[in-house]
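Below, chain A partners chain B and then partners chain C, in two separate complexes.
Entry: the complex of A and B
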């Protein structure tokens, strides 16, 4: 009797506690969301303001009048259409390259038994620990000796040599696919090349989409390689164009912000359409690395 | 011919043998097909194996290992793209340690950034992951919002933060003003430039958050239920269950993000005037200094020695991290070596 009563009390306080805990969590999350989204709101709002309004103190949160003309004017300050097409070209070629090459290499590590496979795979993992800046200087010397400076080759060719992280990610995914599929196909006389192309690629589609998204995003947002290798303004990418745009004119925040909105837009759209793949890419790596 | 061998082989041997190791199936097939020797079957797989990993192997030789070793050699010369390579012994290293004050400045700036940004972003990611792991309606929506900033990067994001951090008209100081804090001049004040960048990094903490969230979701609820019975409160549960269970992820996250943080460059290049390292060289990070030596002064010999110092430094740091990791990382299942 007494025990039942105390049990009841225990449960009541428990559920009360649970509810306050949930309320506090929710309040935190809401506050955090507002803080995280505010920069994006700020960017859009600034992009629509007049230069005078941007300089106002204290600043306004909602533009007094929406100057959509900022976008058109900003676009016309430089050859952004050309730079956009350049960037798109590089991003698409490197994306195709990294999807095909990394999955090809990953198939080797996941499904073919060969001498030294484990050692070599450890080397793949170890290369992830080499800071990319360490190889930047010697790579530049190599590419300049080859006469590749001021071409897209230094930006594109490395994507066709595979990347440790994507190889790892795809290999982990392929390990979950039963070997029986491959064996059955081998029995029918299929070569590994055909198995990779006809069986493995379709089966690993989710992981391939993740790799495609990551590498497209990386190419789209890369500043370092274009900055290093491209001198001719006609070859510039959007990131490089935007960076020089800052230096060429006195800082015009309304133009800079409207260009920034336009450059971030593809990433945001991709993110909302393929959110699941973005998040899973991070998860695959964590599940196994943990 | 090969095809028929394959058919016969698996027809006689149970399927599972092939799954484990090729040697096993090769041995079993040898008994029935004397002609297909073990070595031949092994060779077949070796050849296609190497063919498949060849793009990576070529990349390793020509884009990573080769350049790395070449730059070790260059670091002992006075090479500047156009000149001959004259061997100068340890001169570059001597200059780095004894004559180049900016080398020490850049190393200090980078260490400062790493030492503050790594603990803050790690703690932030864990905190947000714990919040997002609660069972509350609309959690999916929150996860999206918290992750979104992590996928945004590049020059546009740096511009946005330059705008927001502008001392009198920026968003950050306006918000600080609401709570009665007079904000600093951020990117214009040598004492505040690095905190400004660390602050910016905290915005995209959602990338790390996902790693922790995945782990948190795999922790057995039985552990928490047992703790409930013992009358543990939320704080106990966090420190005695949650935290030990996520130490492997923290370990991995700290190692990789430390290496990554050492490479800070683009932020400093874009967010300072002409990429010059900011007021009082306060944003002259190691890589920016290396970049200037290599690609503005074309002093490849010196830049290579800087690259090698960084390489060795990070390797030592990583080994150190791996060693002390053994002391505090908890592995479930007791295989804690």
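Entry: the complex of A and C
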């Protein structure tokens, strides 16, 4: 005899089991996100404490009194507005550069058949294996001979020279776009430049936005290149400005953290707005929906 | 087709515009003179904090006003990274004219042709104004390659309140290792197996295992005059003594304390979790800025046995002209000013550093008062026992071979003797 659904005890019902499963999953996810958010919370809470409270032991989880003045004071310790504009300029130009250049190169690797394409692609990828500090001094000498030290050129031009990782990301994404589009366009007499501009760019928007976010973030947070190439404090970037709070003996944690929160904000906002594309863009195996 | 050409043309134009826009600012710096014909000296330091920056900028400003041939331009470059940047700039041949660098490794840079020989650039009597133990490290083949600016030395800080609680005389700090240990035990506050307060632990603060070993060994470093002095009986004794602390307090308790304070935001001495602490004199500012009313005392580093010497270790910073500077003569003039009594005294009064100029250091002391003066005086007094162990030319990286063995010994993985034997053998292989 088959038991009727109503005869089952409550904990044996399907809906109960599913719900438990869901609750457990959610609990794990919640725990995970709390763990991930802890450092961020710590940063924000430290940014609102007084220096005396930061030194207290045991540390306080929530600031005793919220010192928003830390933000204003930190901002006023140096020309942060100027440094912010400098950083923004560099980040925007490198972002534009790396989106355009990398996608054009990726288009070549993905859609144009030529002899030695795969070998060339492997060589491009192999550049990812070279640790950047190995090329540090030679690169510095090169830019110095060109007279580019103390200008933004060493920070910007490399973005226009392509990056293996972005090329790879975009190529994989472009591979999923059917060749028919391109063949049709070729038939109508369009050049590669035109196909890239009118067909590939619009179709690869999620991947392009991903590359844009990555490169904006990288330029925004870069410390080493500005450090090496800029000699004039008026040309400094935010990350270099942050270092003023870190001395050889003492660290001004309250300023360091409040300024860090402010510097973090633009990238968080950018990600917030573009996260939908970002998810699609990093998923290189996804197909087109066109 | 036409549109394509147009598009590429626009892109090209935009690109070249960008190039010219970005290169606009910088270039004129290279052989720069100001409008009124002054030579511009590029001076890099890592003093960018709210407290240090105004001090160095005032000194630079005073110098600029004092004469009309040179204009010093001070640039802040982040701590630590400043030397990476300097190496790249020296390699490329366009360094700054004056840089603040590590005093212990001057000879090393001289050997690698990264710094200018100053023997013909600075006046002969400059040396007589500065502490001899700070002058020694700037010499390479008997010629100076830098001028010492500041130095530091270690001081034993102790919590007077804790001393009273434990029934110790707050005016009688420990003077020998045995006393230090005896006091530390009395200052411990235990709750079951755990510590609420640790009286003292020799490796916290800024006096490491190596410093204790050299303290026992008559102030001798690990490499003296190019000869290894790693595996000596006194050094082994000291390492065993350090191991003893770990055994008594327990590795777990030590690690728990270290983890608790690992962020560096809070200091265990300032929060009264540790009662005695060895650090540089400038550590006093952390106690002051904590806003706590803490009664502290200061003392020399305890000696191993009565009469063996309160051997101490110090470091410091020197002013250097990187090899390839365009204006070494003018740079040297600025360096001489930085080493003058006036500039050095101002620095000492504002930052509590031990400065290199003897008169400046002594006259700064007369102008301080209260606890500030007590700490500063102690640091000055400790200078006579302070050794500055320079980076040996034959074994520049000896620490990378020494430290792993010391660590292994401290956590009890091997005996002190074994560790030092192994370290000496490893270091020997490094010889250039």
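The definition used in the following text is that the second predicted complex is superposed on the first by the 238 of 290 C-alpha atoms of A that agree within 3 Å, B and C clash if a C-alpha of one lies under 4 Å from a C-alpha of the other, contacts with A are read in each partner's own complex, and residues count from 1 in each chain.
FYI, a residue touches a chain if its C-beta (ideal position, glycine included) is under 8 Å from a C-beta of that chain, and two chains touch if they have at least 3 such contacts.
It should be emphasised that the depicted structure is a prediction, and the values quoted were computed from it without experimental measurement.
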{"item": "Chain C versus chain B on the shared chain A, clash or fit after superposition", "value": "clash"}
{"item": "First (chain B), second (chain C), both or neither touched by A:72", "value": "neither"}
{"item": "Which superposed partner A:264 touches (first chain B, second chain C, both, neither)", "value": "first"}
{"item": "More chain A residues in contact [chain B versus chain C]", "value": "B"}
{"item": "First (chain B), second (chain C), both or neither touched by A:29", "value": "first"}
{"item": "Contacts of A:81 with chain B and chain C, given as first, second, both or neither", "value": "neither"}
{"item": "Partner chain in contact with A:232 - chain B first, chain C second, else both or neither", "value": "second"}
{"item": "First (chain B), second (chain C), both or neither touched by A:253", "value": "both"}
{"item": "Partner chain in contact with A:141 - chain B first, chain C second, else both or neither", "value": "both"}
{"item": "Segment of chain C intruding into chain B (one of 2-10, 164-172, 182-190 or 254-262)", "value": "254-262"}
{"item": "Intersection of the chain A residues that touch chain B with those that touch chain C", "value": "46, 54-57, 59, 136-137, 140-141, 144, 160, 191, 223-224, 227-228, 243, 246-247, 253"}
{"item": "Sites on chain B touched by chain A in the complex", "value": "2-3, 6-7, 10, 15, 18-19, 21-22, 42, 45-46, 48-53, 55-60, 62-64, 66-68, 70-71, 74, 81, 128, 131-132, 134, 136, 142-149, 151-157, 159-161, 163-164, 168-171, 174-175, 177, 203, 206-207, 210-211, 214-215, 234, 248-249, 252, 255-256, 259, 262-263, 265-266, 269-270, 274, 287, 290, 294-295, 300, 303-304, 307-308, 310-311, 314-315, 318"}
{"item": "Chain C to chain A touching residues, read off their complex", "value": "1, 3-4, 7-8, 11, 15, 18-19, 22-27, 29-30, 42, 46-53, 75-79, 81, 84-85, 87-89, 91-94, 96, 260-261, 264-268, 270-271, 273, 280, 282-283, 285-286, 289-292"}
{"item": "Footprint of chain C on chain A - complex, ascending", "value": "46, 51-52, 54-57, 59, 77, 93, 100, 136-137, 140-141, 144-145, 147-153, 156-157, 160, 191, 193-194, 197, 223-224, 227-228, 231-235, 240, 243-253, 255"}
{"item": "Touching residues on chain A, where the partner in the complex is chain B", "value": "21-22, 25-26, 28-29, 32-33, 36-40, 42-43, 46, 54-59, 101, 104-105, 107-109, 112-115, 117, 120, 123-124, 127-142, 144, 158, 160-162, 167, 179-180, 183, 186-187, 189, 191-192, 196, 217, 220-224, 227-228, 239, 242-243, 246-247, 253, 256-257, 259-261, 263-264, 267-268, 271, 275, 278-279, 282-283, 285-287, 289-290"}
